[in-house]
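Residue numbering begins at 1 within each chain, and the chains themselves are lettered A, B and C in the order written.
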Amino acid sequence: MEVTFSQLIEIAGVIVFSISGAFSAMQKRFDAFGVIVIGFVTALGGGTIRDVMIGYTPVTWMRQIHFPLISLVAGASTLFLKPYIKNLKVTFIIFDAIGLGLYTVIGVNKGLAFGLHPVVCIILGTITGAFGGVVRDILLNNVPHLFRKEIYATACVVGGIFFFMIKDLFDSDITKAITIMIVCTIRLVAVKYNFSMPKFYDRPVALKKDV
Amino acid sequence: MEVTFSQLIEIAGVIVFSISGAFSAMQKRFDAFGVIVIGFVTALGGGTIRDVMIGYTPVTWMRQIHFPLISLVAGASTLFLKPYIKNLKVTFIIFDAIGLGLYTVIGVNKGLAFGLHPVVCIILGTITGAFGGVVRDILLNNVPHLFRKEIYATACVVGGIFFFMIKDLFDSDITKAITIMIVCTIRLVAVKYNFSMPKFYDRPVALKKDV
Amino acid sequence: MEVTFSQLIEIAGVIVFSISGAFSAMQKRFDAFGVIVIGFVTALGGGTIRDVMIGYTPVTWMRQIHFPLISLVAGASTLFLKPYIKNLKVTFIIFDAIGLGLYTVIGVNKGLAFGLHPVVCIILGTITGAFGGVVRDILLNNVPHLFRKEIYATACVVGGIFFFMIKDLFDSDITKAITIMIVCTIRLVAVKYNFSMPKFYDRPVALKKDV
């Protein structure tokens, strides 16, 4: 079995997202089973939602068995490797950003393959890249980080728009590579300079807790 | 492109649900991206769940591109028009009730088109009308209002039952119109007189917070 | 209509899961509608997620109308029978364990019927058995019990692995019966001796509340 460069990055994405999901679950003191499941949904949840909505079933990870296997191993490893992984924070952020870019491109192209409108394709790219984290936050009973923290999904949206602006100018592979770089760069710049999306509120207000 | 009266109400429903969803997100201090997404899922989430469960994929909003476009514009506008929209509270409640009725009828008829049992059709109508709000509440990390507040989904259920009671008596369009009016009326009466579904508890109990 | 032993247990499973879901909703003071809905998703949510992900649509409960009907009646009855049901706690735990085993076997076999990899089949068995409870907890705005409490989903996983270890040694029905007994036994032993999955933390830490 020959593995392309794109597949390598995709596998790296699954590993990184699984580990980061598993970490979040450990912080909430989930048991071993919960940690592995949360790693799984973080890595494969976005693609699952995309596949289910466009009707590509059984969903991708059921057809490409190496994805769930890699995710399960990565999640289980996180239980033991915690101290070592902690020191790799920067490595993590970089791989997470590359994975985000790649997932976006995969989602956009899946939409194209189904003959869907560019706007829908961009939405599918964003779901693929960023909604695994939304499912993770729902299961952890957190408000999804995505909607209140620094630029993340927005990088997918901008990348998706760029994809359609340049796709008739370049070869398909080059278009994909450029899009991945754009998403990745926006994300890394946002992390470094702590950029966020604007909020539209005059002054800080106390959060109303809805029980 | 000719637009029927029914399509106009459907578009009004998407606008109203998008704006009300966007509002809820602003109250939780979501960023601009989050506000637009919450508007989107409030307006289109119920129909998406329905489509996915019956196997109508790609889901409706991927085939009828004006729905996501209208929702995105409505959600984005809410960010800027907040002060003006506030004064339209009554207008809102009325459109929300009409949209609820229309969504219910759309869901019921989708079930019929798939040859499903009346009980399933009524469930699909209720999901179409009321479950966009459930997804919204899950993403906002609230307990779904639907399950504890005034009559809302119950209006869909009652309307759905009525639909099947009268559908052999009248022409298809008249049946739909009557059902929409029933749902809408129940909802508006419930709001005006603050009716709720019964709860089955002897006395108020302190809520146990499950962290 | 002839009813097999396996169908009887399946119906018992739907009843037990509906009642236990309805109970949880009553504890959170949901209204009558909410109680019935939560009973429904607890009993039928896991199978729905499974069906949607493998593309078996319309999902099972839309094709076998007795399942939603039984669930709705069971959920509604819970509202009135609360005091009587309370005394049946042990009966409940036993039926819940049997239902868990049966649901697992149903899920695994559905995966096999779709020609999916054993690992995917085991995941599908676990989802069928245990994820109705996850949807219930999400709607109740609780952290899913599954990920922090005693052994539950793990019984499904172990049962699923056993299924594939013995399925070439025995007749199909015997394999299923043994698997159900294994899941059921693990679950009951776990309840009796209060076994849990290991957590990987040195010392208790304060939970960070993410608002």
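Throughout what follows, contacts are C-beta pairs under 8 Å (C-beta built on N, C-alpha and C of every residue); 3 or more make two chains touch, one makes a residue touch a chain.
The structure presented is a predicted model; accordingly, all values stated were derived computationally and were not measured.
Trainee: Note down the smallest number of touching-chain steps it takes to go from subunit B to subunit C.
Mentor: When the steps are counted carefully, the minimum from subunit B to subunit C is 1.
Trainee: Do subunit A and subunit C face each other with the same patch, meaning over half of the contact numbers show up on both, or with different patches?
Mentor: Different, since most residue numbers here occur in only one copy.
Trainee: What is the distance, in whole Å, between the centres of subunit A and subunit C, each centre taken as the mean of its C-alpha atoms?
Mentor: 29
Trainee: Can you tell me which residues of subunit A touch two or more of the remaining chains?
Mentor: 52, 55, 138, 141-143, 207
Trainee: Could you list, by residue number, the parts of subunit C that touch subunit A in their complex?
Mentor: It is residues 52-55, 114, 116-117, 119-120, 123, 134, 138, 141-144, 146-149, 153-154, 157, 196-201, 205, 207-208, 210-211 of subunit C that touch subunit A.
Trainee: Could you list, by residue number, the parts of subunit A that touch subunit C in their complex?
Mentor: Contacts found on subunit A: 25-35, 37-38, 48, 52, 55, 57-59, 61-62, 65, 68-69, 72, 79-80, 82, 138-143, 207, 209.
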